[in-house]
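Several structures are given next for inspection.
Each of the next two complexes has subunit A plus one other chain: subunit B in the first, subunit C in the second.
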Partner chain A sequence: MDVTPPKRSRPRIDRFAVFWASPSLVWQVAFFVAPLVVLVWMTFWRVKNFKLEQDFIPDNWIRIFSSGFFYDAFLYTFWMALVAAVLITLIAFPAAYALAFIASPRTRTLAIVALITPFFTSYLVRIYSWQIILAEKGIINGVLGLAGISPVNIIGTSTATMVGYVTLALPLVLLIQLFSLSMVDKRLVEAAYNLGCGPLKTVFKVVVPSARVGLVIGGTFAFLFAFGDYVSPLFLGGSKPPTLSILITDQVKSGNNWPRAAVVAVVMVITLMATLTVMSAVAYRRRGGAR
Partner chain B sequence: MTDKIDMFAFLSRGIGRRQFLQGAGALGVAAATGLQSERAYAQEKTLNLLSWPGHADPAVVKPFEDKYGVKVVAKEYVGGENMLALVNQSPPGTYDVVLSDAEYVVMLRDGGFIEEMNPADYALDTFFPEFQKFPGHWLDDKLYSLIIRFGYLGIAYRTDALTAEDVASYKILWDEKIKGGVGFFDWYLPSMGCLSCYNGNKSPFDIDAAAFEKLKETVFSLKPQTSAFYSMADTFASLTNGSAKAIPGVGDWITLLLAKDGVPVDATVPAEGGIQWTESMSIMAASEKKDLAKAFIQYMTSAEGQMASALMPAYNASIPSKAGWEKLNADAPAEAKRLRMTFTERNVMDEYKDGKIHIRKTPVQQDIDTWNEVWTEFKSL
Partner chain C sequence: MSVPIMTLDKVRKSYGDSVAVHSIDLEIAKGEFIALMGPSGCGKTTTLRMLAGLDKPSAGEIRMWSRVMNDVPAWERDTPMVWQSYALFPFLSVLENVEFGLKQRRTTDAVGRRAKAMEWLDRLGIAGMAGRGIDQLSGGQRQRVALARALALEPEVLLLDEPLSALDAHLRVRMQTELARLHGELGITFVYVTHTQSEAFAMANRIVIMSEGRVQQIGTPQDIYRAPATRFVAEFIGASNILSGTLKESGAGGIVIENALGRFRSAGATGIAVGQDAAFVIAADKIALTRAADPAEPGLDAVTGTVAAEEFIGAVVTIHVDLPDGRSMFVQKQQNEVGRLGLARGDEVRLAWHPQDTFVIPG
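Entry: the complex of A and B
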C-alpha cells in the first residue's frame, strides 16, 4: 500500500474572482486606505498664516488631547451614538418581527417599499422638516397649545439630535432586521411552541439568537451613522454641545486648522474601527455549547 | 491657473429644453473643434467671486452680467477665517474678486493675495466722507479695498418676547424670561465683540489679559441662557420659529428681511455699544481678468450697484455711497425708509455718528486661536 503523502499543491489563485474583485479593491485602496494614510500624516503638519505646511510635529495631538472640550465632545458623541444604536434597535425590532412572522407577503412587500422610500429624499430636507415640527412655534407645540399644555423646548436639545439619528438610521436598521428575521428557520419557532415555550420566551430563546448577526449588524450601523453624523447635531441639536463632527468643522472653519481636524477625524476612525471589530466578534462568535 | 476637473459637473446643473438642444449642438461643435477651446471660452466669460452668501444673486449682478456678457460665479463662505482659508488653499487665479470683511483686508494684503487699487478708477467722491478713506482699506496710504456695504451688530430679538426697552442693554441676555432663548451666531468674532462692549471695553477687540479673562467669564456665564449655536441660515430660522428670543452679535442684516416677511423681529444697538461690520471688495493679485474685476467693483460702487447691494435678497445692508442713497430714495422710497437710509429722518449715518459703534477687528492683543478656543470651550460647556 502506498503511504506516500500526497504532494501539496500550491493554492491556485482564482483569477476570475480576482478580476471581479479588483475594481472594488482598487477603489478601497485609492479612496479609503490612501486618504487615511494622508489623514494620519496630516495630523503632524502645521498651519502658518492659515496655510498648511508639511512638517512632523506632535503639537496637534498634544493640543487636542490637552483640551477639555475634546474629551467632552468624544464622550457626548460616543454615548449619544450608543443610545441611538440601542434605541433604534429596540424600536425597529417589533416592527421587523411583525413583518417577518405575522404580515402577509403583500404587506411585507409594501412595507419594504415604504422603508426604502426615505432614501429617495434628502436627509437634510428631512431634518429641516423636523425643525418645523419640533420648533417652539412648531407643529408639536401647536397641538400641545390646543390641548392647553404649555410649549416644550425641543429644538437645541439632545432629544432633538436623537430624533435626527432615528430618522437617519431607523429605516436601514429595520430593513436589516427584517431580512435577518426572514432567514430564521420557522420550524425552530414551531418546535419551540410545540415544546411548550411561550411567545416571549420563543422570541428571546429562539428568534433573537437565530437572527443575532442581523440584529447586531443593524445596531452597529445605527452607531456608525450616529457617531459620524453632522447634520442632526447641528440643525436639531444646535451644536450644544458639539459632537466630534462639529468639532472637525470648527477647527477648519475658524482657522483652516486641517491638522487638528485630522487628529479628531483619526480618533473617530479608530473608534469606529474598534467598534466594528468588537461588534463583529459579538455577531459572529460561536455559542459556548457548540465548541 | 489650474483647470478644474469635474467629470460629473454636468449632473449638478439644471437643464431645460433649450439648453439641452444647445448642449447637443455644442457636442457636435466640440467633436469638430476639440473641447479645449470651449473650456477656455467658458473661463474667459466668467468672473469668479469669493464672497459671503448671496452676492452673486441675479438681483445684484445681472445688469453687470448683461453689460459685459459674463457670468459672475461665486464661491461662498461664512466667516473671515473661512475666507482666508479658502484663499490660502486655492490655486492662484481661482478668484478674480474677493469680498471680505474690512478687518481681513490687511491679512489679504500681507499675504500678497490682493493688489493695490487706483482710487481714481472708482467713484469714491460719491461716498459719504466717513467712508472715503475707511480705516483698514488704506494701508501705507495705498488703497487695497473698497467698502461695498455695512451694518451694525448689537442684539436681534423677537418683539413678541422682548420690548425695545428690554434690549436697551445687553443685561437682558441674562434675564430669566429668556432663559434657554439666547441664541448665538456661531462665529466668535461678532458674538464676543458685542459681549466685550458689554464689559465696557472702549476697544472691544484690543483688550489686555485681565479684560480677556473677564470677557471669558462673561461669555461662559451665558451658558444657562443659551438656546443653540446657529449657522447663517439657521440664525434666520431660529428667530422665525421662536427658538431664539435674542441673538447678540447680529443685527439688521438678519432682521430687516424677516420683518419684511412679517416675522416679529427687530435689532438694536444697546447702550453699551455695538459693532460695525463691513463688506469690501478687492482685486485678487493672481487674477487673469483684472480689468473685468475692476469693472465689477466699479459697478458695485456705482449708484445702481449700491442700490442692488442694499436690497440684496440674501440679507439687506446699509451702503456707503451717497449717490446710492439718492437712487434708492428716488426709485424705492419705501425700501429706503425701511432700511433707514432716508435724508429726512434719523438714519444709519446718524447712528454711526453717535459714537456707539466700534469697527470690527480681529483680536489685537491675543491671537485668533485664543479667542476661538474660548468660543469652542463655551460651546462645550
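Entry: the complex of A and C
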C-alpha cells in the first residue's frame, strides 16, 4: 500500500468553531474576566470620607488580614461549606443510587423532572418558606408543641443556614450523581458479585469508585454554592456568625468600603479556584502510575 | 457418569412473554471442557448467567454436585466468570484486580493474597504488569488479567463468556492454545460460551449446540461435525451438504431417500416414517470428485453437476457444484488432489460417496 502521510499544515483557525464559541467567550470576558480584573485592582484603592478614590496602596489587604473577624468568618464559611458538601453528598447518594440502579426508566424520568423543577422557583422564595417552617412559632415547633415537646430554636442558627445550603445544592448534586451513577458499567457490579462481593460491599468497592468523578464534582458544586451563598446565612442563619458573603455586604454598607469588600471577594474567588483545582485533580486522578 | 459437578434440570428462563431458554437438560462432568455454542440470541449466555447465579431460572433446577443452587446468590457461589468485555475494575491496578476475589474470601492474609495473585499473574505471563492500571494494557493483556482474576480463586468451575471474541485473529489462536493448556493442567471444569465454531471445536470435549432457547445437540466435536442431529446443526456447522427428499424405505437394509436427483441410500437408523420428508447429510470432505466422463466407482451413490465456483482457504479448496435440479453442493478437497483434475468453471463432474458416510435428519 502506498499511503502518503497527510502534510502537516499550519494549524488553521476553524472559523465555524470561532463563530459559535464567540458569544460565550465574549460574555465571559465582558462579565467575568473584566470585572475580576477591576475587582483585583479595586483592592488597592482607598476610601476617603466615604468616597472611593483610585490609588495603589496595600492598606486594605493589611487591614483585612490583621483582623480576627476575617479569619473567624473565613474558617466558619469554609467549615460550613465543607460540611454542606459532605452532608449533601451523603443525602443525595442513596436517592441517586436507587434511581440509577433500582428505579424503572419511567420513575427515573419523573424524578429527573422533579429534580429540575426547583430551578424554576426562586431560591429566595424557597428560603422564605423555610423561614415559615423553621421559625420560633413555625411549623416544626407547632408540631413539637402538639406532641408536648418544648420549642427548639432553629432559625438564626448554623443548622438553619445548613438547611438553606441543602435546599440550594441538593437537586443539582443529586442530578450530577444520578448521571454519573447511570454511566457506571453494570457488568462491573456483576463481576464483583461473581467474585464473591456482596451487594452492600459492592456499592462501596465498585460503584463509588466507578462514579468517583461525579461524586467529587457533585460535592465540589455543593461546596461552591454554600461557600458563596448570601441568602441562606442572612435569612435563615441570621448573620450569626457572619460568613464571608455577609462580611462583604457589611464592608459596603457600613462605611462604603468597596476596596475592603473587594479584598474579601478576591480571597473567596481564590479559595474557590483552589478548591476546584484540587478537587478536579482528585476526581480525575489516574490509577496505576508505574510507567 | 458419576455425579455431575453441575446439572441443569429442565431449566427455563423467560422475561415476561419472551422465552430466552426453553427447557434445558444438561449434565456437566467434573473436569470437562464444555462449549455452549449457537448464534446470538440462542440462550447460551443466559444459560451461563444462570450457572453463575446472575440470572435466576424461571423454572427447573440448577444443581452443583447435589446442592440446589437456584436461590444461592451470585456472591455466595464459587463459579467465577471471564467476561467478553473482561469487566476489569478500571480504578484498581492489575494486582488489585486479581486480589479482589481473594479479598472477599478472607482465607489468607494480605501477604498470602499478594503471593497468590502474583503467582497467577506469573503463570499467565503478565507478572511484569502487576502495578499497571487497566487502561495501560492491551486487549490480550486484559484477557490474561481477567483469567488470572477468576483462576486465582481456584474454583471447581470456570465460566467463560465469549472470552476471545474481542481479540484479533492471531491472538485468539494463541489464547485458545493457552486455555486448552490451562484446562489440561488445572483439571478445572470449563464452561465456555461462544458463537465461533473453531473455538469450540479446537478446545471443547463436548459441545452443546443451542438455537432459539433450545438445545439442538449435545455431543463431542466429532459427533457434531460428522453427525449433526438436526438441520439447524448441519447448517450452523456448515461442513455438510443437506439434500432433502422423501423417505422411501426404512428397514434392515438401510434408508432410502428419493428426490428429483435420484434415490440415495443411507446406513443409519431413523425415527422418520416412510413417506415423510427427510434429508440426508453428507460431509463435504467425504465426497469423491471426478470428471463426469470418468468411469463411476461401483457401490457409491452419485450425482452429476457443473462446477460453479472454487474457493481457496489455505491448502483446502471448496468447489461449488450446481446440480441439474437447481440445487447446489460443495466439496472440500486438498489442493493437490483438485489440481490433478484441472477443473474449470462449467466442467461436468460427478460427486460420489459411500452410503455409510451419510445419515438422515428430519426434512
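Keep in mind that, in the parts below, the second predicted complex is superposed on the first by the 272 of 291 C-alpha atoms of A that agree within 3 Å, B and C clash if a C-alpha of one lies under 4 Å from a C-alpha of the other, contacts with A are read in each partner's own complex, and residues count from 1 in each chain.
What we mean here is this: a contact is a pair of C-beta atoms (placed from the backbone, for glycine too) under 8 Å apart; a residue touches a chain by one contact, two chains touch by 3 or more.
All figures in this text were calculated on a predicted structure; none of them were measured in a lab.
Colleague: After the subunit A overlay, clash or fit between subunit B and subunit C?
Modeller: fit
Colleague: Going by the contact rule set out at the top, does A:Ala169 touch subunit B (first), subunit C (second), both, or neither?
Modeller: In the superposed model, A:Ala169 contacts neither subunit B nor subunit C.
Colleague: Thinking of the overlay built on chain A, is A:Ala85 touched by subunit B (first), by subunit C (second), by both, or by neither?
Modeller: After superposition on chain A, A:Ala85 lies in contact with neither partner.
Colleague: In the superposed arrangement, does A:Ser239 touch subunit B (first), subunit C (second), both or neither?
Modeller: first
Colleague: With both complexes overlaid on chain A, does A:Asn256 touch subunit B (first), subunit C (second), both or neither?
Modeller: A:Asn256: touches subunit B, not subunit C.
Colleague: So in the superposed three-chain picture, is A:Arg187 touching just subunit B, just subunit C, both, or none of them (first/second/both/neither)?
Modeller: In the superposed model, A:Arg187 contacts subunit C only, not subunit B.
Colleague: Per the contact definition in the header, classify A:Cys197: touching subunit B only (first), subunit C only (second), both, or neither.
Modeller: second
Colleague: Touch check for A:Val267: first (subunit B), second (subunit C), both, or neither?
Modeller: neither
Colleague: Minimum Cα separation, subunit B versus subunit C, post-superposition (Å)?
Modeller: Minimum over all C-alpha pairs of subunit B and subunit C: 45 Å.
Colleague: Touching subunit B and also subunit C: which subunit A residues?
Modeller: The overlap between the subunit B and subunit C interfaces on subunit A is empty, containing no residue.
Colleague: If we count contacts the way the header does, which residues on subunit A are in touch with subunit C in the complex?
Modeller: Where subunit A meets subunit C, its residues are 185, 187-188, 190-199, 201-202, 205-206, 209-210, 212, 286-291.
Colleague: Write out the stretch or stretches of subunit C touching subunit A in their complex.
Modeller: Touch residues, subunit C against subunit A: 52-54, 73-81, 83, 85, 87-94, 100-101, 104-105, 131-136, 149-150, 153.
Colleague: Provide the residue numbers of subunit A that touch subunit B in the complex, in ascending order.
Modeller: 49-52, 67-69, 72-73, 131-132, 135-138, 153, 155-156, 234-235, 237-242, 247, 250, 252-256
Colleague: Residue numbers of subunit B touching subunit A in their complex, please.
Modeller: On the subunit B side, the touching residues are 78-79, 81-82, 84-85, 87-89, 107, 111, 180, 183, 186, 188, 226-231, 234, 237-238, 241-243, 368-369, 372-373, 375-377, 379-381.
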